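The next part holds the structures, each set out as structure tokens.
Here come two complexes built around chain A, the first alongside chain B, the second alongside chain C.
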Partner chain A sequence: MTQAVVTHEAPKSFLRRYIFSTDHKVIGLQYLFLAMVAVVVGIILSLYMRLRLAWPTEKWPLLSKLFPQAMAGGTISPEFYLSLVTMHGTIMVFFVLTTAPLGGFGNYFLPIQVGAHDMAFPVLNMLSFWVTLAGFVVLMAAFFVSGGAPISGWTAYAPLSAVGEIAGPGLGMGQNLWILSIALFCIASLLGALNFITTTLNLRTKGMAMTRLPLTVWAWFTTAVLALLAFPVLLAGGILLLLDRVAGTSFFVPEGLIVSDQILPHKGGSPLLWQHLFWFFGHPEVYIAILPGMGITSHVLSTFARKPIFGYRAMVAAIFAIGVLGFLVWGHHMFVSGMSPYSAIAFSLLTLSIGVPSAIKTFNWLATLYKARIRFTVPMLFALGFVSIFVSGGLSGIILGQTSLDIPMHDTYFVVAHFHLIMGVAAIFGIFAGTYYWFPKMFGRMMNEALGKLHFWLTFVGVYAIFIPMHMMGIAGHPRRYAETAGFDFLAPLQPIHVFITIAALITAGAQLLFFFNFFWSIWKGRRAEVNPWQATTLEWTVPSPPPHDNFGPQIPTVHHGPYEYSVPGAAEDYILQTAPPTPAKS
Partner chain B sequence: MGVALALVIWLITLGTVILFVGRFWWFPEAISEHGPSIDRQFLLTLTIIGIAFVLAQTTLGIFIVRYRQRGEERASYWHDSPRLEALWTTVTAVVFLSLAVLGQRVWAKLHLNAPPPGALQVEITAQQFVWNIRYPGPDGKFGRTRTELINDVDNPVGLDFTDPAAQDDIVTVNQMAIPVNRDIHVILRSKDVIHSFWVPPLRIKQDAVPGLAINIHFKAVKTGQFEIACAELCGLTHHRMRGFLSVLSEPDFEAWLQQRASP
Partner chain C sequence: MAKTVATLKDIETIAVGSRPPGRPDDGGQGGGKEPSPSLPEGSYRLAILFALASISMLFLGFTSAYIVRQGLGGDWYPLDPPAILWANTAILLISSATLTRARALLQREAIRESLRWLAITGLLGLLFLLGQYGAWRELVTRGIYLHTNPHSSFFYLLTAAHGIHVLGGLLALGYVALRGWRRRLILIGAPDRLRHYGALVGATALYWHFMDGLWVYLFILLFFWR
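Here is the complex of A and B:
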């Protein structure tokens, strides 16, 4: 393929350069900053939830200042608790776990790592960010409309989400805004996904064969394919749900419902249809959140193990297998939903099959460390933490994926513990590894190593302290989304665990201040970064830190090596850049 | 740094193992016929993933300590080991899929078989935030119901008394009783949103979906008083949607029904 050599001048005006920019790097940073705002909101909401769960009747006059309407009495009411459940989940899944690793790092580094000047469709890319931002603003608005934010959870199961305010607070305008926000997010993700796929397929530089792509690119590429196929289904579902709510249709609402003593006029809808549509998106979404983290972990592990990644082809195959199987397992969210028990068996077998590629990845990460020379930098600590947490969170899936074991475990804290570890914490560890790793490239300065290490230790121990005990609550039968344990005798013995988890969560959340301080302090005050501070091999480490507007200038890089050529015997250094001349000593 | 990280990983692993082996919080005792099989399958799976967990975390720690950077010495250089990879893939595939197949046994027994003939029928109609329980009465037949007759004060399921079969139906609110050692066939319905019938000691959880009548069956083998919880988010006081299940001896159950039969 020929690529016209164009040197782009960066736009001069502030507005075109930093706000309505079409530069993938600026857009990547915009996504990252949006995710940072979102994660702060999401963590604050989770702390409110934790306070309610540990001390349900306590008044929090100071905390009620943030939500004067919802916390009018100073306490965190059950309806506010459920709003928090909904908003925490929605913000974290969409605006953090999808936005940061894919929208943020993907945008910034995919074009550079494949050797392109920019994304294939820069304007679409800009649009994608602004639509995402609009989605976030609309979601936040749900807190401030009459009735407050919806109480139907991030899964918004119909009919609870479909029949309006009579079913509960927040299910009026709040729920409409929620749907609108998700719809905007879907559209934005589609635009982004098209861009990622096209850029990977068409804009690779000379010599950048698919088999020389860094595993990060493979992960973003696969994630984009998942997004392209999954988000339209959620978009369609969202539109149908909105129609049920505002236009009197009955896609998800059956005949003869009586809500708050009113007989509803709907006829012929199916509540299970919503679940199928939602989870057809929702399960791949789990992989949309975690695959980039896997890519970053592979990338960082190889860099700081000073070893080629073990089984590159197997890693790529595993990413793809996870992608494909990820579309065939959505029914494991529905074993006890009333779905056919025969399809449950098929979904269960497919679900446990997806454990196999996940196990391959774990094995290959461990094998990468075997006979390595590990450098314990902060990104490496987070990548190692990712491996540990991925194992801990993934293995419980072997329990949940079995039809019969899901009967007692479904919708309990066991599930909450499982998915927080595997898609929440593991993905966040991937994001942290990526941030500490690429910060020097993005801002031209190093983050503080000591603060970063302290952040790692507190976070690593903290998340385990939060989520391991949660499994026990689930085994004891504690349903999720309960505002308190007081309603049931069998829940009373579990209250001390709630208190313990809340304390652990407060400490862990506090530790994140170290990260934010380090991040912003380092942008201005950090030690200046060289071009390649980690002695890494991939293309982003061949351009200045931060890279210029058109990444590579007039010279398009030519790639001669695979992405992870570390410790090649006989080579002068213990790493070979992908662009290094093709004749290094291979004794 | 490497030693510290390995120690932390090992300590976390040890703590987790202690928490799961010590069973300081655990399943309530199973009271259903199928319950112990679920518990056994859980233990089997937990043992296998526990071994995998300990192996993976221990190995991770060992590698972290063993292969930390020392001096200028380089790491080994190799890319692959197809044989090891194939071995590992096969082993995991066999273990995981065997577990998946084993996990279907109880499921098949519960869900692929029709309720045994002679099972006692009980209809549960969930609504925000109440469990309505209905028994067919002496005639063994559920009477007709009509939505427009529903009235939370005295006719929560909308019994149509013009149907003779409806006249002896017994309806209770939040109070469910079943005889011990007898098959129970529950028909689950919902009036408004999705709820989920969850009795931890029974090891039974099943959503109640509006518009559907979902059939499940089980047999309780121990008497006692238990709580019914709602396991699917159903609205404002989901966390207080509490019912009571009494598993009674056959004569006690008959007496219980008698008490509630309309005169």
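Here is the complex of A and C:
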């Protein structure tokens, strides 16, 4: 009976149970739904941009209903185009690619996979979500203030971002809100990261040695460490930027800067300083977005290949190596900033060396698939898609990592195509793999398999149709962030490619409606899920679907096996749960 | 001391839920907070350690900006340190000593005395913050503001950023002191509860000492590092 003390009941009131909940599963779902709202906004913004690029002179009276002020007359002005660029990037990077795989899946599944009742600090966890939500609301508010959303891009390069309204619309209150939003996001991420780290290190159940952690947990753990160390530097930069804007300091604004025919009173600051601070955060942020996807991919590949992941320890080491190297390569975003060629070479070599752990991961994924009896479920398709896109996007990274190639390619669509594939699409494929894989556990029902496969193929072909031509445009010299190419004769022949990409983007975006339909339809109407529909091995598949409030009830699991014991010779079934008794199955 | 750090063995026994039966977690006051049923005590310390790593990165970011900005020269006019900063530094250092005293008394189950020293520590922290405000006032009377020159910008920025963190430490001290006062009677002769409370105080102390060291670092960076 003493065990009963351990079990704690779910709160009864609706508010405590679903809104201000300290349950990591509810918080995980809150993060996921926030990311869903954000991704819809982000996609809509990107479609506005695509339409502007494909048909620059067209009027869109219907579309202007959403932004009556900014799209007065039904056209997208170059300034508004830049607002769209900024907001699309910021929303996607922070509130989708960071929020869904880490805040969403990480919160939901990390405690279950390590065998804990909850995160170490549930109240901090709840705070972390609400601060993230506040950050999102503040960011959205930028659309509704005088001047509209900022136009300085998600990187907010100074001095454009630092001198205020004088430099363009949206650089007044809009930019202030942007900084505030990012600062809130930083603080929320720190609270979340502390929980992830402490829970992984201290709340593992009996028998759950670090070497028995699923690779998802390793990925979330490493990501949390990256977030813990990278976000404060962005926060520092953001505070300095805000002071330059509102308090008249001169951290980033140089002396004698003339903007709109006025000499600014600032003196002696360095715009490059912002770039260093920003990218010191910005590069690890790329890995914050992608590492959870790698973890999910490893997890899903092993499950549906019915084989142990190839080279578990090498996979863990590779995750760590990528994390560490990620802090040493920020300079490769700044090759054209006038940095010394010697430091450029150092940054270049370090950047290329990330190819080594990345290749280790890729080869281990392929080796896991080698001679496997693969079950081509929807999550498996998306995991395979992740590998494909990770390789495609990664290879162009090797091109851009070399100064001699980066300098001509810098600020062209080649860069846009590269980072969208590797950071955006690959991470999104990781999120999709995770969603299809864990949906039965989260909602107790299965998603529709046929719709899921259709969604996969349309998305997979769609993203390549969008981004492969974009590489070509970049090689042809098409600069990024230009709202229109009229007046640049050499870009005129590229216009049909813009049209093609826009059509591909519209179709791919339309295909996501299949996903949303499937998702919400399945929540209520899907086939009921069993405890372990995929015949997987890790702890989340030992608890009911969906798991009860305290995950494991009074019986806390004891772990006897590694996370990926599939097709063990001599075993009764082709998978062994981590909680299965230690004795090998009778021969 | 060693007791506050959960060994791997402790973690395992606590994690599998072998909690002492019927431990009244909140002293029956039901503050609306759910106790985490299986939180090993070392978790506080671990979380604070990682939080401090994060805070270090924040100040490293500021430091790198400081060094770069100073290197740009031109309009960099170093300030003379306001005299009151010496007193503030001394106060903060003493507060670390009083906190150590409070912890030592707690180890010996001298709860009331320990709480008294905790309170003294908090008062010293408050005095430090007032002193920092005094330093700002002194600069303002000299006509030196946030935007006057980059060195003054950094002075206000770094003292404010540090001050906010000290304020957080004060809130934590207040919380543990209040918690200790409410439980002063049930802590005596209950090694489990005392250990748990000691871990909480220990984690707070770790943070407090770090803020102390951070201030010494900032003081040196601002006025003595060239």
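The rule we apply is simple: the second predicted complex is superposed on the first by the 579 of 587 C-alpha atoms of A that agree within 3 Å, B and C clash if a C-alpha of one lies under 4 Å from a C-alpha of the other, contacts with A are read in each partner's own complex, and residues count from 1 in each chain.
Here is the rule we go by: a contact is a pair of C-beta atoms (placed from the backbone, for glycine too) under 8 Å apart; a residue touches a chain by one contact, two chains touch by 3 or more.
Just so we're clear, the structure is a prediction, and the values are computed from it rather than from any experiment.
Novice: Should chain B and chain C be called a clash or a fit once both complexes are overlaid on chain A?
Specialist: Chain B and chain C fit side by side in the superposed model.
Novice: After the superposition on A, what does A:312 contact: first (chain B), second (chain C), both or neither?
Specialist: first
Novice: Based on the superposed arrangement, let me know which partner A:535 touches: chain B (first), chain C (second), both, or neither?
Specialist: neither
Novice: Identify the partner contact of A:388: answer first if only chain B is touched, second if only chain C is, both if each is, neither if none is.
Specialist: The answer is first: A:388 touches chain B but not chain C.
Novice: Contacts for A:229 in the overlay, against chain B (first) and chain C (second): which applies, first, second, both or neither?
Specialist: second
Novice: Once chain A of both complexes is superposed, is A:255 in touch with chain B (first), chain C (second), both, or neither?
Specialist: both
Novice: Can A:270 be said to touch chain B (first), chain C (second), both, or neither?
Specialist: Once the two structures are laid over each other on A, A:270 reaches both partners.
Novice: Aligned on chain A, what is the least Cα gap between chain B and chain C? Give it in whole Å.
Specialist: Minimum over all C-alpha pairs of chain B and chain C: 10 Å.
Novice: Residue by residue on chain A, keep only those touching chain B in one complex and chain C in the other, then list them.
Specialist: 255, 269-270
Novice: Under the definition above, what is the set of chain A residues touching chain B in their complex?
Specialist: For this pair, the touching residues of chain A are 78-79, 82, 85, 151-153, 157, 159-160, 163, 167-169, 253-261, 263, 269-272, 305-308, 310-314, 336-338, 341-342, 344-345, 348-349, 351-353, 355-356, 359-360, 362-364, 366-367, 369-376, 381, 384, 387-388, 391-392, 395-396, 398-399, 401-405, 407-408, 410-412, 453, 457, 460-461, 464, 468-469, 471-473, 475-477, 479, 481-484, 487-490, 493-494, 497, 566-569, 574.
Novice: Hey, which residues of chain A end up touching chain C in the complex?
Specialist: The touching residues are 1-3, 5-8, 22, 115-118, 120-123, 190, 193-194, 197-198, 201-206, 228-233, 235-237, 239-240, 243, 247-251, 255, 267-270, 273, 276-277, 280, 550, 554, 556, 558.
Novice: What residues on chain B touch chain A, complex-wise?
Specialist: Of all residues in chain B, those touching chain A are 1-2, 5, 8-9, 12, 15-16, 19-20, 24-28, 37-38, 41-42, 45-46, 48-49, 52-53, 56-57, 59-60, 63-64, 67-70, 73-81, 84-85, 88-89, 92-93, 96-97, 99-108, 110-112, 127-128, 147-148, 150, 152, 191-194, 196, 198, 200, 203-207, 209-212, 214, 227, 229-242.
Novice: For the complex, which residues does chain C have touching chain A?
Specialist: Going through chain C, the ones touching chain A are 6, 11-12, 15-17, 19, 21-23, 33-40, 42-43, 46-47, 50-51, 53-55, 57-62, 64-65, 68-69, 72-76, 146-147, 150, 153, 157, 161.
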